[in-house]
Amino acid sequence: MKLNVYLSGEIHTDWRVQIIQGCQDADLNIEFSSAITDHEESDSAGDMLGDGQLDEKQGFWRDHKSAKVNAIRTKTLIAACDIAIIRFGDKYKQWNAAFDAGYCAALNKPYITLHSSDIIHPLKEVDAAAHAWATSVDQVVASLKYLCK
Amino acid sequence: MKLNVYLSGEIHTDWRVQIIQGCQDADLNIEFSSAITDHEESDSAGDMLGDGQLDEKQGFWRDHKSAKVNAIRTKTLIAACDIAIIRFGDKYKQWNAAFDAGYCAALNKPYITLHSSDIIHPLKEVDAAAHAWATSVDQVVASLKYLCK
Amino acid sequence: MKLNVYLSGEIHTDWRVQIIQGCQDADLNIEFSSAITDHEESDSAGDMLGDGQLDEKQGFWRDHKSAKVNAIRTKTLIAACDIAIIRFGDKYKQWNAAFDAGYCAALNKPYITLHSSDIIHPLKEVDAAAHAWATSVDQVVASLKYLCK
Amino acid sequence: MKLNVYLSGEIHTDWRVQIIQGCQDADLNIEFSSAITDHEESDSAGDMLGDGQLDEKQGFWRDHKSAKVNAIRTKTLIAACDIAIIRFGDKYKQWNAAFDAGYCAALNKPYITLHSSDIIHPLKEVDAAAHAWATSVDQVVASLKYLCK
Amino acid sequence: MKLNVYLSGEIHTDWRVQIIQGCQDADLNIEFSSAITDHEESDSAGDMLGDGQLDEKQGFWRDHKSAKVNAIRTKTLIAACDIAIIRFGDKYKQWNAAFDAGYCAALNKPYITLHSSDIIHPLKEVDAAAHAWATSVDQVVASLKYLCK
Amino acid sequence: MKLNVYLSGEIHTDWRVQIIQGCQDADLNIEFSSAITDHEESDSAGDMLGDGQLDEKQGFWRDHKSAKVNAIRTKTLIAACDIAIIRFGDKYKQWNAAFDAGYCAALNKPYITLHSSDIIHPLKEVDAAAHAWATSVDQVVASLKYLCK
Amino acid sequence: MKLNVYLSGEIHTDWRVQIIQGCQDADLNIEFSSAITDHEESDSAGDMLGDGQLDEKQGFWRDHKSAKVNAIRTKTLIAACDIAIIRFGDKYKQWNAAFDAGYCAALNKPYITLHSSDIIHPLKEVDAAAHAWATSVDQVVASLKYLCK
Amino acid sequence: MKLNVYLSGEIHTDWRVQIIQGCQDADLNIEFSSAITDHEESDSAGDMLGDGQLDEKQGFWRDHKSAKVNAIRTKTLIAACDIAIIRFGDKYKQWNAAFDAGYCAALNKPYITLHSSDIIHPLKEVDAAAHAWATSVDQVVASLKYLCK
């Protein structure tokens, strides 16, 4: 089975690279997509827009513009994927990852969460709607390997 | 206009009570709904279920059972509401609130966020899909007042 | 919270009556609906239809006519309900109950299953999509009591 | 016409192989998909997940994990197919097959049932929503042959 | 069970009146709706619209205007109903009735057809998607009586 | 038939009042809803929101905030209505009215346009998806009268 | 623009062949699909199904089986097409064509009708929801030529 | 990422050509689609249709026919695209562009607006639902470049 997998979540570690590598090693027929993982690039995605009248280089409206440009990517990629892998690390708020989870749940789009045991409790609602909870990249790769048969 | 409003978010302060009170004082025609706000009650919502074979009093599966029982409430109430107010406080992960936001966004169901300025940046995706950002209960009440005309 | 609950499943025991009674005793604001529970009445629901040209008193087409008349009820009641309770007993095939579960799952309509431990394994797919698994009528009533708060 | 066909149902006989072979012999332009047919493999699909805290090697939660991993496959394949063939044999509960039928019905996705005459009565609801009832693999192949014209 | 029933089809006999009467006699809790049954009134529903520049008193555009005004009724009433009864008589083209049937089928909205045996063959597609075929008003009333339990 | 009608369009003349009056005179069972018609009130609907960091009293972001608050009203009211009446006058851009028309069209929600002959050509796309074109308030009232039968 | 076009309607003349030929001559990038046009083949599509218990070689149930097998084709092809061309000739009831029109309308799927002026009045509802009315194959080909630009 | 982009809006300047050129220069993997940009061709798209009985060479019905033929294009292309770019110039009513925006908003299909600062106020509703506002072709190309990563 060929799969289209969207990788959502924290962009501060290389967990995406690890999963893609693991799936390549297992010779899986998967097409991966992701949000932009360069933090600065992602935050400045909307800087060039508008008419320069308002000083939006920082603050609410600057973030608003970039978040909406990035939302075009997210919406499109989630619509196109078969499954999403949603990663929660131990740092940062990661509300955008939880937001993606709720978005998938409403569309009946399956997702697998990737996080450690110590944040089980605050992630219980996100995990309740998930189709699997993995604690390591290996578990994710094993799941994708099974799904590709 | 009569409105059905769902109040989502942290259950550690009395922000819900304040909004309901403010709307009552303004004589607004609003029916409010909410998740269960008693923390212990909410966490133990699934304890009575099952066959007792597995020791689920704590850990992943105990949270899983309660989160899914609570999800029945959330799904039903979000489906029934016209707008959701989603509150983010300064403590706690609050991933369930961000999850509710994504869920609403996918269903094209409007929501208003309520949070302070210092978490603008991590909430940018949630705010990008919101229809308004309020920093105080008064701003929420003022919005609802306008919407009820 | 007021709930509309659809009771699906085997019509050979009085489990429905027990749940309705338990909820009445707890003074819950619930409106219950159900398939027709009289076996003979349900099976003959389509007998009066058609032009009598074909002898359909038994066999595939007789069941086909009654099943489609009953499907009008089921579709309408599932559409109107907030939650379904789906009961699996120890006898009979009960494929219509599993069918109702799949139907609810596709529509993102939450349901609670009611069955004993000895059929956990063959019901794993039905339970995977459920929001709770109850082993007794008391557990169902307790869940509904919580949901009505 | 090119068709994408999902084969759902009991995994204890080789009915899938027979249908695929029959369609190949007839030179039909069909892409087949299926749930995992190795019983042990399917049941252990979720074993590698989680944090090992809970002893889930058997019982409700072990089945729960595997069923949800398999549900990712099922949801994806049903979404991608044009028609599903749903097989009911004379053994086993096969509630997952009836569940798939209900799921397809809710999505207005056509399916053909494959079963013998002696289980007509308990399958009447599943057959009521089906687009055809076949009693043999030959009838299924003949239907697919017609549909591919 | 309370039902909302839409009566679609030929407006040249009093079959609607008969069904409504029969259901009243049986004391059923049904709210009926229908297209406008006065032929002249229905055909002239759009006559008052427009700017009088084009002479639309007859011909394609006159019918176009009235058909679209009537379509507002039909769309609204079909959306609101639980079941539609679609009648085919022995005269007239009745393409609007078949159109209503297809419209209901796409929305998974159940309908019952009412027609005699001699037009079984040309109505086979309409009947294939129907939930029941009645040959007389009495059969329709009996079905509604059963559905209201 | 009881109708819920949304009145969309220019807020610079009293066309809404005329329609409501005409329908009252005809004793029609209609519930009307509308955007806020006080221009200043509508434009300042978002002024109280935010943290005051950015000077949004005018310009793009000030309009953005108010337009999104008003969009909560519009979305909710369009969802609740059976039909929308969309008015185009001879002044002003009225892009929000055309926006409402496209929104309704995508949801298969019927609407009637109200405008004079001299803007037929630029409104051709909006009229193509409409269910009727009226040139005067009287024509709208006559249509609603017919629809309420 | 590449188009996928479904040809629905009477199967007693060669109108399909004419349209396909005309589009080939104009070198258009169109993929055509259609119901089975061999009358006998289409009517016997379900004959091989079932268990032979009931004598279904003619009458309601024989037509029911074939119509449902053909419905699998129709549903799949309509779902896949961009536009449908729906032809009404001067003979036969053609209720299946009107049914297809209603089905497309509910799904907001555009269609073009092809028929002569003398049946304008009975087709007014079908034409009201259509995106164009053509009176000849040439007009259809011209429309498709324009749409392919 | 490969994108399918629909270019909607005024057809009196060459803004489309500029965007396509800019994206080609940046070597982006984008497939562009558009409404027909030849004004005369677009307006006469329906002229060949019908039976010549009514003199429709100008006026409401002539525009009605062409607008509906063009709507087949628009519906199909919007359905197929990932994003729409909606341009508003300083001349003309451009109600069809605002209509397209509303249509996209209802389908949760993201769009970017392209217009100058002096029409910010009348476009506030269209911009409120947009995912970005660009003031120049360069800003659009920069956005698409970012989205294609």
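We call the chains A, B, C, D, E, F, G and H, going by the order they appear; numbering starts again at 1 in every chain.
Please note the rule applied: a contact is a pair of C-beta atoms (placed from the backbone, for glycine too) under 8 Å apart; a residue touches a chain by one contact, two chains touch by 3 or more.
Quick caveat: nothing in here was measured; it's all calculated off a predicted structure.
Touching subunit D and subunit E at once are the following chains: C, G.
Relative orientation of subunit A with respect to subunit H corresponds to a rotation of 90°, obtained by superposing CA atoms and rounded to a multiple of 5. In this assembly, the C-alpha centroid of subunit B lies 39 Å from the C-alpha centroid of subunit D.
Centre-to-centre spacing of subunit C and subunit D amounts to 23 Å, using the average Cα coordinate of each chain. The distance from the centre of subunit A to the centre of subunit C, each centre being the mean of the chain's C-alpha atoms, comes to 38 Å. Looking at subunit D, one finds that residues 50-51, 53, 59-60, 68, 71, 106, 108, 117, 133 touch two or more other chains. On subunit E, the positions that touch subunit C within their shared complex are 1, 3, 82-83, 108, 110, 112, 116-117, 131-135, 138-139, 142-143, 146-147, 149. On the subunit A side of its complex with subunit B, the touching residues are 59-60, 63-64, 66-68, 70-71, 74, 88, 92-107, 117, 119-129, 133.
Taken in their complex, subunit A has these residues touching subunit H: 33, 36, 41, 45-46, 48-51, 53, 65, 68-69, 71-73, 75-77.
Within the complex formed with subunit B, the subunit D residues making contact are 50-51, 53-56, 59-61.
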